[in-house]
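In the two complexes that follow, subunit A is the common piece, with subunit B as its partner first and subunit C second.
And now, the complex of A and B:
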């Protein structure tokens, strides 16, 4: 029997399958568990199957275990943060010393708190170049060892209230929340109602790391003069309104390249109001529906709808709330804050 | 005029002055085919198999066939439309597609489980079908289904062995085709009986006891086909304009090409257009009182960059109440049963308008700028690409009636 158990083998096989051949070399170099000679001996033009066999043999030789393979997975995930679904949580009510928590302290605290809450758990923490702390958690329970094939990833930027998670189950979420709250010196954590496939995009959206446009109420005053021919007036007016639409679209969603969000969901529980439909308008119950906007780049699609006139300007607060509040899930009701109401609709 | 050598399938345009006469014998077609120039705008694949009547206009001498053929496509559409009542053409119509469909339809739910073989019905519902239209079949006989089963089995096996259409393993499998008539589905005596096709296959290397697996299924149907149009069809033509298929693409194309060769018909893709999707949304919602729709889900695609997809899902009770509020009040005064059964296009339009205005009030975004591309509820789902799923047998006939009409309208000839 070698050091590599079945889980370790499956994890390695899955990883090699997932990592594109041209990226495999750099990923293995970063791993630093292979000797220079072993790295030299890898022929990356070979089939994935052959590469897997070769790597399995090397791992046995170096007596690597599942924990080492987990490191390799972590390297791959950190390098490719835009795969899979990320959910954002927000820490609330910082304690006085929250801003002074530094990495070593956080690491120790998080590990000890989580290990206290659950007996079988495997935690790996790594700091990435951009201040982000990456945590990989393999969960077990009272009777079973940690399952390395279904890990949860947590990304936290120290000194910010944001935490990004992949695939936490309802059983793990409370444990994770408690450990996070305790180790970051906050008092509570809540669902930030933002999710997406691209970690960098949702991070940029929350931390406003993209070009924003500020309202300019006074366009160039010189534009009004010297127009004699009447259709010049019309053209100008049209060009003016197009420019105006574009300006308002950029004010609502931002300028330049926008963070890539895939969707926004609105749960509407508002009254049906339509002057042509008396029956429905007089009805007391809300008209319940769910509206989902989806696109390869939602904010760009919305900006284009506003600037092209498909959406009327000024942009409704419901849509502009996505970049403004950094959320993409909303519950809309008519009368103030309901159990989970996030905002009031504009009743214009 | 009708004594011409080129007696043909009647063209309804000329019906007002000409008594339709036609020739059933195959040789006539051969002559026509030979005489007609090949350099036409017809698709090369279908040119050879054009049914005799597609060469149009009985009164035309041979040398002017070319000129006449140009107007062929149009003449059919006009002719099918001229079969429809004046009401459908002159009433309020918001879009040009709406004009082409009936503007009013009955919505009676049909308990067809007693009339139709439950096995056939089970195959028809709860499966997603890809739709096509089919032009009338020449010399198709419901009495010959067994023989067709043999012929199509042989055809598929032969084609597969030639390696023309499929991968290598194809040659090693054997196919068993079965044609059957679905009795009791038709609504009127004019509707030809629905035909069900199933292809079973068993790989050669499978164990002896292994049963053959159903690898492909399809059907041809006509439900409530326009009677005036159906009556004008020559005796030797069977009109089953709606074709649904499920299974491997290569088998679908083999089945189609066998039909084309055997019955001189042609197939084409059948999209479920905006109007039709709106009709389905209204028809399904209308059923909510009898059988819950759970929700009404509509998907719009907006032409912005990058394309925006909007999924709008409405609670069943709320959407039903909205539907009720837009029904024509005048209908209540009429005989109640009749009123409950008939839906008008104006009501459908008002219904969609209501849904869109509620959306606009919140998002200030006009859904009319986009395209409705999908509608679904617990009763079924329909996609613009021509995919349909009917989940409840009670509403199969209503749905197929609408789709039969779409297929007849889409037929090019």
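And now, the complex of A and C:
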């Protein structure tokens, strides 16, 4: 019996299947668990099946274990942060020494806190070039060994209050939260109500690393109208209002490239209001429903619908608070009694 | 409320003026670019998202000879916007100087009821209904050609023919079974 158990084999098989052939070489080079001769012997034009068999043999030869294969997976995930679903959590109430937490201290603390909470857990921590700390956690429970086939990834930028998670289950979330709060020297953690398939995009949105526009940047819509007229015989009757709409859309969403979000969800718990439908309006309990906007690039779509007039301008705060507050999940409730109360996205 | 009137201004010499109304402002741009290419007459194109037209342009606006409502059949908003704009036209326009142009009629996501609604609208106003394809250059070219034919008549540039006369031949008619109840 070699060093590679069943889990290790399955993990490796799955990884090779997932990594495109042309990327496999660079990923294996970064892994540095193969000797130069072994890397030379790999023929990347072969089928995935043949490559897997070859790699399995090499791993047996080098006596690699599931932990080493997990390293390879981590390299692949770090290189491709835009696969899978990421959920954002926000740390709250920093303690006095929160700003001085550095990597080695965080590493040690996180590992010791989490292994205190749960006996069988495998943690791997790696610092990426852009200040991000990547953590891979394979969970076990009291009687079973860590399951490396269903790991959770955690990305945290030190000295920022944001934590990005993939696929946390309800059982693991409290453990993870506790370990994170203790090791980052904060006092609490909450759901930031933001999720998306692209880690880089949601990170940019939260840390405001995309091009923002301030109202002052557009002195007046007149500048827009003075642009070169394409043809003397074509005249736009409503050019002024089009420029105005465009300006308002840009004020809400910026005029540069926007971070790619896939959805925005609004959970409505407000009273039903419609003068033509008395039965529904007179009901006391709120009308519950969920409105979901989905697109390959949601913010871009919202900006376009505002500037083309499909959505009314000025842009409703419900839509503009997606980039403004860095959230894409909102619970909307009536503020206080009375039908005149304003609808506002509540701070959940 | 300012009505757009067909005969409130003098016509230009060998000039035809067309107003394209489209809420989505997509197809009108490519149509306009193709329309002004016409060499035998000077074609002026005015683009609008909806009616009424802004008052401040009243002075500079030439006499509009033909009003075209472009309706994207996949969008309910597009239809509603055109319907709402109609009341800002002087009744004189409906004597042959208005036409409807629909796009995406073959698109699977456009409901048949919407086409029926557009048909009813066009036939109740005695206007022609044109079908156009907005995605390819060929489609734009043929739509342009059809519009130019109507436009020249509406602008009075074709001897003997008048807009009212041509519209009697080209206006949209409903098959009887849609409108009338069956008597069995």
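We take it that the second predicted complex is superposed on the first by the 305 of 348 C-alpha atoms of A that agree within 3 Å, B and C clash if a C-alpha of one lies under 4 Å from a C-alpha of the other, contacts with A are read in each partner's own complex, and residues count from 1 in each chain.
As a convention for this text, contacts are C-beta pairs under 8 Å (C-beta built on N, C-alpha and C of every residue); 3 or more make two chains touch, one makes a residue touch a chain.
None of these values were measured; they are calculated from a predicted model.
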item: Which of subunit B and subunit C A:242 touches, first, second, both or neither; value: second
item: Between subunit B and subunit C, more extensive residue contact with subunit A; value: B
item: Contacts of A:158 with subunit B and subunit C, given as first, second, both or neither; value: neither
item: Contacts of A:182 with subunit B and subunit C, given as first, second, both or neither; value: neither
item: Which of subunit B and subunit C A:308 touches, first, second, both or neither; value: both
item: Subunit B versus subunit C as contact partner of A:324, first or second or both or neither; value: neither
item: Shared subunit A surface residues [contacts with subunit B and with subunit C]; value: 308, 310
item: Contacting residues of subunit A [partner subunit C, same complex]; value: 230-231, 233-238, 240-242, 308-310
item: Parts of subunit A lying in touch with subunit B, wherever the complex brings them together; value: 266, 268, 270, 272-274, 276-277, 279-280, 283, 285, 287-298, 300-302, 304-305, 308, 310-312, 315-316, 318-319, 332, 345
item: Of subunit C, residues touching subunit A in the complex; value: 19, 23-25, 32-33, 36, 42-50, 53-54, 57, 60-61, 77
item: Subunit A-touching residues of subunit B, taken from the complex the two chains share; value: 302-315, 318, 321-322, 324-326, 354, 357-359, 361-366, 369-370
